[in-house]
Amino acid sequence: MAEVLGAKDLHLSYGPINAVRGVSFHLDEGETIAVIGANGAGKTTIMRGLSALIKPKSGEISFLGEPLGRRKTSDLARAGMLHIPEGRGTIGGLTVLENLRVAYDIRPNDTAFAAALEPVFNHFPRLSERSSQRAGSLSGGEQQMLALARALINPPRVLLVDEPSLGLSPVMVKEAYQALAGFQSSGMSVMLVEQNVRMALRLADRAYVLQQGEIVLEGPSDDLLSKPEVLDAYLGSHG
Amino acid sequence: MSAELAQQIVNGLVVGGMYALIALGFTLVFGLLDKLNFAHGEVVTLAGFIAIFSVNMGLSIWLTIPVVIILTGAVGIIIELLSFRRFTSKEGHSVSALSSFALGIVILEMVRLQWGATPVQLDIPKSIYISGTVLFGAPIPWIKFAIFSISIFLMIALHLVMSRTKIGRSIRAVAEEPTSARLLGINTTLVTQYVFVIVSAMAGVAGLLIAMQNGIVTSDVGFTFALKGIAVMAIGGMGDMRGAIVAGLLVGVLEGIAFSIGWGGISDVIVWFLMILVLLIRPAGILGGGRQAETRV
Amino acid sequence: MIANLLNGDNVVFTGVNIILAWGVYLSLMTGTLTFAMAAFMAIGAYVAGVLTVNFGWPLAPAALAGMAACFFGGLMVGFPALRVRGLLLMLVTTGVTFSVQVGIENIEYVGGVQGIRGLSGTTPAIVAGSVFVIGGLLWILSHSPLQRIFDAAREDESVAASLGINIVFVRVAGFAVGAALAGYAGVLWGHYVFFIAPQNFGILESVFFALFVVLGGVNNMWGPVFGAVIITLVPEIAREFGSGFAEYRQLFFFGVLVVLLLFRSQGVLSFRTISLKAPIKGLRPVTSVSEERADD
Amino acid sequence: MTDSGPETNPPGTLDGTGKPVLEIDSLTKAFGGIQAIDGVSLTVNDGEILGIVGPNGAGKTVLINMVSGFYRPTSGSIRFNGQKIDGLPLHKVGRLGIARTFQNIRLFNRMTALENVLTAIKQHTTHPILAALAFAPSRQGIDEAMELLDLMGLTARANQGAGELPYGDARRLEIARALATKPKLLLLDEPAAGMNEQETGELIEDIRKVRNRLDAIALIEHDMTLIRALSDRIIAMNYGKIVAEGSSKEVLSHPEVVEAYLGTDEEEDG
């Protein structure tokens, strides 16, 4: 399988914090990987580095076989990287429909917008009911749906999702993960950052465990699920 | 309604339309960058002199419109590049405010070196100031209707661009959530440039309309109108486009009324007083759609 | 050529501008870039001018009255206005300048647009002395704990407030004292030029006073002095070069300013950087615990 | 640090009177449509360290922001030593004796370490005008600040810029600055975030050193080593509500807490 996204010995800092220290990983075509770790482990920082929102201190990131170099965030998005940040990244002042339109507009696409909307509204009927409402007035769960719907209207090569379960009720979390599973089965490469360990490991093919900015454990999800160290590292119950 | 009052209200609406056009420029830039563009007013001045130049070159006054739009739009790009792009630090908005102010004076000085500081006659047929109609007993020349129609047309066009087009959506997306917009593939630098071209071209047309209304162009016209435009923007709510339009027309009419009851001398104070009042009592503007200071101490 | 610059006019105008620059600096130090300085300068000049011309007061008490009027004016504007921040505040202060100017134009008692004449009494020595006294007070301030309270209020006002600093008080105080300084500058200037009119105190002047500080830098109290001296004397020096240059003076000056801001934007409005500060002396000896820590 | 593991100094030894210092009653906070805090009631007693745990987004920081006056509650009340403090301006809350640190360190980066602490010296913040004139108190303030820097092991860093401090020292400086306000209650928001094991161990020692200067401490933390070592009592939150309360053993093994941290399991909860 071809690698679509990878990092070698990546160092990232966030203000005074050296948040990520020498991390290497790869995401292959059609694969789903999860990065799990406690709050402050550096997960979100990695995501921000991957989409060029912050510049790496050292190390290399490659996207679709090319080094990231000085490419801008917006170029990466146009080249097929969709990063759904923590807090969903919907645009509050635009309507639901306009949010989808913005996502639809950025890349050449031969389906008409109305036609592209159809599968989205089939999948998320709640969004169709609220299509002319401002995104900022949606509930947390609905905003997450809207964020995920952008991956449906204009499927990216690589989908980066930061904490899809954050602040959602269990029912909503399940719904978000069903949508992710749908993207996965359609062949999209997905990279997931999560604190909801079990959900993430159930979805992902492989996973990386991050602690204090370093990868301490990696392997197939099933192996990790059966290892107690994961849970330990997670609850910080060492010592 | 007395003829005098009707006359002043119509005048107020015409001038208010220009205030609104200029205020829209301030409000769009503020909405996008949280910054004030103090060079905006000098674009208005410059446009008046571009009109004089083109008319003297033999173009009809209507054909100068595209010339003004293109040239002032280009000036917008320069303003963005020199006074806004690099200033992203915490003090950025103060630095941008002062830098654009200085740039405005540079533009003004260049205009003065070329055309001098005294009023210059715009060479168009005098008849357009005379023929007209009578409204509530007050004679209103057609040119006023034409000017008002052009302002309204531009506002509607801007509204359509902002609500219906890809560029408009991108502008609103960047104004709302710059980071999310970047993650969605919107080039924020490019969007900022678009905004400066649009607002400068609008200010340019406003300058042309002011020149047409007065028949003369002076180098201090931009300064006067820009100050009024800033006040109008604040009254309408910083970043609120509808608010800017309503506030522009409102201020124009208020001034008209002030003149008709003999308060002309202090009409400026009325506007600024209104602005201070609005900022203190209703910082989100008269329609409540602007940005508010969110810190709580 | 330099000797030509040392005349009474230049001493007075430079001194007045230094006081104005310090007024802007004081206000900026508490986080308020004010464009209301010309308004307060006008209030100071007019209040003192009316007292000296119409009532025959001596200059000193009139100057005190002018300053007091500005201080209370600053409080009156400051308490409501400083609730808004940043650009909105720039607008409110712009509005204040405008309102005061047009207001004075419409007061017949002080001559309306004609202004008042007959103000006199300022000498170069008074101005120079005032600069020294005000500078001394500022120097004391900048070496007192209050300076740090100002710095904190400016850098992160909510953190500062949660440490127990009354931000509103600090900001209003800075603004009002800045206003009083502007008023005093107005008194001195007015009583030197003999004749004052509303058009002397417009928004352009206000921005100019802010430029003194921006150009000179705000690292410490000397930056505004530098800016004020340069901006006051450059035109005088330019005059020496002959009248041909005078025409391009403004263009040149503001062009340079645009370029300067473009390349020095970080330094221009950023406050005291660490490297420029002398360490506080008299620290107690380092304990063993901290030595261990300092090594890692 | 090696000589003092969490076991050598068991928590739960209250020095204080045990009277409530902070009383929070059915507090709620909504942002837009999202209920960040949903009816939280709790007390912090004199002499105790209260640990607050919970997954990201559970509302812990929002809670601290309301107690310290940064947010106004949507409903409910907060009392500090019997006095109602919700709705008070920030500086009044600070002067009453509530100090805090921040998740994303918020130091005055353009000042030195010493100046950061000096800024917060209570005497100066409460009487800013006297601060400009009195020279002797200024000297006193420096001594007081140096004492606090010393306590946190930062003496050698006193004249270094706060922005250049290494991460652990910046955290410690934030605590020193908070102590300069002479607080009764200290709120620590994820003090160990981004620290390695050794640094966390040092931090635990530092917090132990300062605890007798305070009536009570409330701390939010994800690092369970620190929570176990310091907390006399733990409250676990999820979805803006309190899901468990008790000793660290009870709370951390509570099924709902384990669930909250590890996430729902489809097969098991169905």
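We just call them A, B, C and D in the order they show up, numbering each chain from 1.
Throughout what follows, contacts are C-beta pairs under 8 Å (C-beta built on N, C-alpha and C of every residue); 3 or more make two chains touch, one makes a residue touch a chain.
Worth saying up front: this structure is predicted, and the values here are computed from it rather than measured.
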| item | value |
| --- | --- |
| From chain B, the most remote chain by mean C-alpha position | D |
| Chain pair with the higher count of C-beta pairs in contact (A-D, C-D) | C-D |
| Centre-of-Cα separation between chain C and chain A, whole angstrom | 52 |
| Chain centre separation (chain C, chain D; CA means) in Å | 41 |
| Chain centre separation (chain A, chain D; CA means) in Å | 32 |
| Multi-partner residues of chain B (each touching 2 or more other chains) | 296-297 |
| Residues of chain D whose C-beta touches two or more other chains | 70, 89-91, 163 |
| Contact set on chain D toward chain C in their complex | 68-70, 89-91, 93-95, 99-100, 102, 106, 108-112, 114-115, 118-122, 124-126, 128-129, 131-133, 135, 137-138, 141-143, 146, 149-150, 153-159, 161, 163-164, 169, 177-178, 180-181, 202 |
| Touching residues on chain B, where the partner in the complex is chain C | 30, 34-36, 82-83, 86-87, 89, 91-95, 97-99, 101-103, 105-106, 109-110, 113, 227, 230-231, 234, 238, 265-266, 268-269, 272-273, 275-276, 279-280, 283, 293, 295-297 |
| Touching residues on chain D, where the partner in the complex is chain A | 5-6, 32-34, 55-57, 104-105, 163, 165-167, 170, 190, 193-197, 222-225, 239, 252, 258, 261-266, 269 |
| Chain B contact footprint on chain A (complex, rising order) | 51, 53, 72-75, 77-78, 82-85, 89-94, 98, 101-103, 105-107, 150 |
| Chain A residues touching chain D - in the complex, by the definition given at the top | 15-19, 38-40, 136-140, 163, 165-167, 169-170, 173-174, 194-200, 202, 212-213, 231, 234-239 |
